[in-house]
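In structure tokens below, several structures.
Look for chain A in each of the two complexes below; its partner is chain B in the first and chain C in the second.
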Partner chain A sequence: MFHWLEKNPFFFAVGVFLVIAFAGLVEILPNFAEASRPVAGLRPYTVLELAGKEVYKKDNCIACHSQLIRPFKSETDRYGQYSLSGEYAYDRPFLWGSKRTGPDLHRVGNYRTTDWHENHMWEPTSVVPGSIMPAYKHQFTNVADIETAYAEAVTVKNIFKTPYGDDIKAGKEAWEAYKPKVLAEAKAVAAQMKNKDVKDMVAAGKVPEVVALIAYLNSLGAKRYEAKK
Partner chain B sequence: MQSNAALEYDYTIAKLYTYTAILFGFVGMLIGTLIAAQLAFPDLNYLLGEYGTFSRLRPLHTNVVIYGFTVSGIFATFYYLAQRVLKVSMAESKFVMFIAKLQFFLYLVAATALVVTELMGYTQSKEYAQMEWPLDLLIVVIWVLWGIAMFALIGIRREKALYISMWYFIACFLGVAMLYLFNNMAVPTYFASGGVGSIMHSVSMYSGTNDALVQWWWGHNAVAFVFTVPIVGMIYYFLPKESGQSVYSYKLSLLSFWGLMFVYLWAGSHHLLWSTVPDWMQTMGSIFSVVLILPSWGSAINMLLTMKGEWNQLTDNPLIKFMVLASTFYMLSTLEGPIQAVKSVNAIAHFTDWIPGHVHDGVLGWVAFMIMAALFHMAPRMFKREIFSKNLIEAQFWIQTTAVVLYFTSMWIAGITQGMMWRAVDEYGNLMYSFIDTVTVLHPYYAIRALSGVLFLTGFVMFAYNMIKTMTSAKELTEEPQFRSPMA
Partner chain C sequence: MNALMAKGLLFAAILIGATVYVVNSMHIDLSDPINLITMIGAVAIAVLTVGVSIKYINQMKTDTASGELAEENWDGIGEYKNELPGGWAYSFLGTLIWAMWYFTVGYPVNSFSQIGQWNEEVKAYNAKFEEKYKNPNQETLEDMGRSMFLVQCAPCHGNTGDGLSGKAHDFVDGRISKKQVLDVIKKGSNQLGYQMGAMPANMVTGKDAEEIAAYVAGGMKGKQPASFGVCAGCHGADGKGMNGMAANIAEYDENLITHVIKNGKHGAIGTMPAFHDRMTPVQLKALATYIQTLRGE
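What follows is the complex of A and B.
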């Protein structure tokens, strides 16, 4: 059979394809629907948080930080409750990372503050002596792309049925109508910060990357859930 | 028409990819050395403003060495050896030549776009699949063009039976195509939101745990179908050619090939041990990782036994040295991987520097060694000159071997140290170390790794210099060497 295959490239290729496609079908498909379901009470990211997630991606925080707390006592002691599958239901892409040069961040919002992040992003060694993380000063002047974050919210709402409210809908006009809400959220974060440039930019209707990023980091943990009524 | 005259093979395309392999190899390893040094000496993060941080450069390093250096090496060796094992010249078909040239041109465009967009921060943040959707489309076109060239060459072949190397290249083509397509499924937000925001942005079709599974199904098997499959294809051609020995066992090559094809894909979930994917998937990943030793070692042993009775060549031909050491590192790496895939070991190893350590004994010791040896073997045949300097190859070999050993030993120690410190508890059961303690302790190992980077890069510059001299000023050859590559 193998001699025959080696003389018939078409069937050879078909054979190889079948053999390699098999594992993906068996391992990925069976659990697909279940793994898409959120845990009870999980809320989607706000537009500002989505913009912050883009900053997280752009500066590639996953190179050094994970968002996956493994079920060991040493990890739950350090970072909190171990991660659950349903907590990631609105994470597109997943940002688990594969390397911890720095600590895990999956519940960082539970134990760090806006002020701490501001100091840390400006100069990491000022809050963590010995840190080898670079400073991300450019995030204090670069403007976050909140419009694209809004486009992402619209996309996941319409295509993947992520439960956003009726005010998130397609089109430029809808975005212009929604924008003040994002700016208000940014103002609330900036109010707890001390950097003057940041405050000025937010007052002028622009959102510096660091504000969006901090909003995102603060959301990781307990704030990922709907407020209890 | 069959004729007895020797075929004149056309190496235009193989030469072009040889140049890019040298260029991207240098660039990728230079960035790698820089980011290794940044971990030991953080001030190096500020050389290029916001574009020079470790986090921004790290994917650039991986992408340039994977899609620049390795893939160039794959295309260069393919366009060289496919003609020879199929007994057909590229010059015989204007169509194949046109497709291959177009492919190379688009490849350059994509490589440039990749570097620019990643520095600017356009990324899907999926490892080894950072490229945003417009680039993904371009890459699909390039890959399809390669497939067309491959099957067109196969279609006009004179040698009816496909040689082992061709099996591996066909598998490389199919495997990467399937994995790449599925992992990069994304919706561009600009079109889905009625023209709002950036046109470059897209959102993954999968979320959370599913995204992780698909990503590591890709991430693991990109290693399979880029760093393993075509490289095995190379060694099956170049080691017998350089040594003048025939492959030790046809049956072993059959077993290894089909075994590798079937087993490799299952092992992807070993990247997700102790994560939120179901337990049975994790266990499957562990089990198949261990089974994977069989086909991997099958190929490696088949190559080592090919040298049976001719081990003296190891002492006097540096290219044989490179290839034998490459298959030895392949064995080391494919034993280390399954060890790390055991759940209890993984609990310590995951998230630590042991993982990049493991990756690099594979990619430096196996992939880079094999590609450089292959290009050295091809050079006298493509450029009709002998290799510029044997002494330089010897020196390069020892410098780079030292570099690889320094790399993985320092990362073994670093990884296990960190893994143990994260979980260490005092007599009352409290964590003993704060996180930063587990970072500062690694400084000496990071420094050693940076040194190993400098050494490997130095070796690569020697390789590049030797190749350029071979192309331009080495002694000309009157006839093609049959086996052993002539060198001064």
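What follows is the complex of A and C.
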């Protein structure tokens, strides 16, 4: 019946490829689609947190810190619940990292606070005596680019249907209308900080990088989920 | 015995001889069972190789074509009709049955997953932990508490528990400062989840509050101020919290540590996150035991 196929090696190879490729798709795609959906209750990053994520990338935190807790008892004891793929649904790109010179940060918001991060970024050895992490004092004076972060939110909303509210939309006017919300969020973070320059900058309508970064770090963990009450 | 058989036996003898020679020259100890089994295996391979070779060489020499030709042929090259050997047929049927089991029960139920492995690991660990620390003594608790403190608490409270110059609560210098007591009296507190419920703000003010704060911060020693009666209503006359109904303000007992760890705390110094679900009751007790040892008198 299929002797004609045996006489046509090219079509035979194509046929074999199709059969195997189909089997592969059937096995891979459903799992992949399931795992890439956001886990229940996950909210997208706020604009300030997105700005902080940019700082995280810019200052190359990923070189020393991972954001992926593997399902091993030793790791879940130290960092909390193991990571699920759906938790990275709004991470573009995800920041898993591949090396832990410092600890994992995927749930750092659960067990560190704003003032701790402030002390730590200013002088790491002041809170962790043996730390080899460098100080990031420039983050206290550099201004974070919240406008680009807003543009990122608009982009992922339009392209990937990330569920942001209606108030995030393209255009200068929309941004001007939204900006006070970002500044209010930054003020809430700065209120828990001690550095006077940072407070002054926020009061003057600028967001220092450290404020955005701390907002981002605080969001890692339970605060990424919609409040349940 | 034909010539082929003779040559075969000679070849087998050479192979076995070579094996024995190698074993001797390498001083391999044949009293070790693994070595002995390996040696027997080597001899068996030599015998089987020769035996099978002789069979097929003989067959090539004497066999003639027989059987019924199949209808199909390729450029004149045909093949005989061969019955499927019984062993093959039965194994094929066996794989069909195995596949049904595998698709319905085997793969979905018994398949490997990392999460499943984690669940088992944690279950086994917890069982072992409970068994080992059923009745821990003081020394064990202090050791366990110290190791936990260094991992979970030290980043804010410092390796020695001194609070890193005011960045967090100082366990070494004293229990609680006057400033902290005043802060709680002024703002009230409803964050530790005690049965007694919320502590209202400003139950006492002015001089009374100062007196109470000094008394509590001083370790509740000396004469009790008259206004402490307001506190005693919930915290008890001795300040110990009436057996866990309210916070123990006299000492760091297990109950107080448990409530702070579970709910976190926002006070005069700053915010402490909740560390719920991270510690077992034994670990909490160990932590409380260790924190009690930190206080320098």
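Everything that follows uses one rule, which is that the second predicted complex is superposed on the first by the 195 of 229 C-alpha atoms of A that agree within 3 Å, B and C clash if a C-alpha of one lies under 4 Å from a C-alpha of the other, contacts with A are read in each partner's own complex, and residues count from 1 in each chain.
Throughout what follows, a contact is a pair of C-beta atoms (placed from the backbone, for glycine too) under 8 Å apart; a residue touches a chain by one contact, two chains touch by 3 or more.
Just so it is clear, the model here is predicted, and its values are computed rather than measured.
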item: Touching partner for A:99 - first (chain B), second (chain C), both, neither; value: first
item: Touched partner set for A:129, first chain B, second chain C, both or neither; value: both
item: Touched partner set for A:148, first chain B, second chain C, both or neither; value: first
item: First (chain B), second (chain C), both or neither touched by A:17; value: first
item: Chain B versus chain C as contact partner of A:71, first or second or both or neither; value: both
item: Chain B versus chain C as contact partner of A:192, first or second or both or neither; value: second
item: Partner contacting more residues of chain A (chain B vs chain C); value: B
item: Contact residues of chain A, present in both the chain B and the chain C interface; value: 70-72, 77-78, 128-129
item: Complex interface listing, chain B residues touching chain A; value: 38-39, 42, 45-46, 49-50, 53-56, 58-59, 121-127, 151, 154, 160-162, 167, 170-171, 174-175, 178, 182, 187, 189-190, 192-198, 201, 203-204, 206-215, 217, 254, 258, 261-262, 264-266, 268-269, 271, 274-278, 281, 284, 288, 347, 350-353, 355-356, 422-425, 430-431, 435-436, 439-440
item: Footprint of chain C on chain A - complex, ascending; value: 70-73, 76-78, 80, 82, 110-116, 119, 126-129, 192
item: Touching residues (chain side chain A, partner chain B) in the complex; value: 2-3, 6-7, 9, 12-13, 16-17, 19-24, 26-28, 31-32, 35-36, 54, 56-64, 66, 68, 70-72, 74-75, 77-78, 83-103, 128-136, 138, 142, 145, 147-152, 154-156, 158-160, 170-172, 174-175
item: Chain C residues within the chain A interface of the complex; value: 114-115, 117-118, 121-122, 125, 151-152, 155-156, 159, 164, 167, 270-275, 278
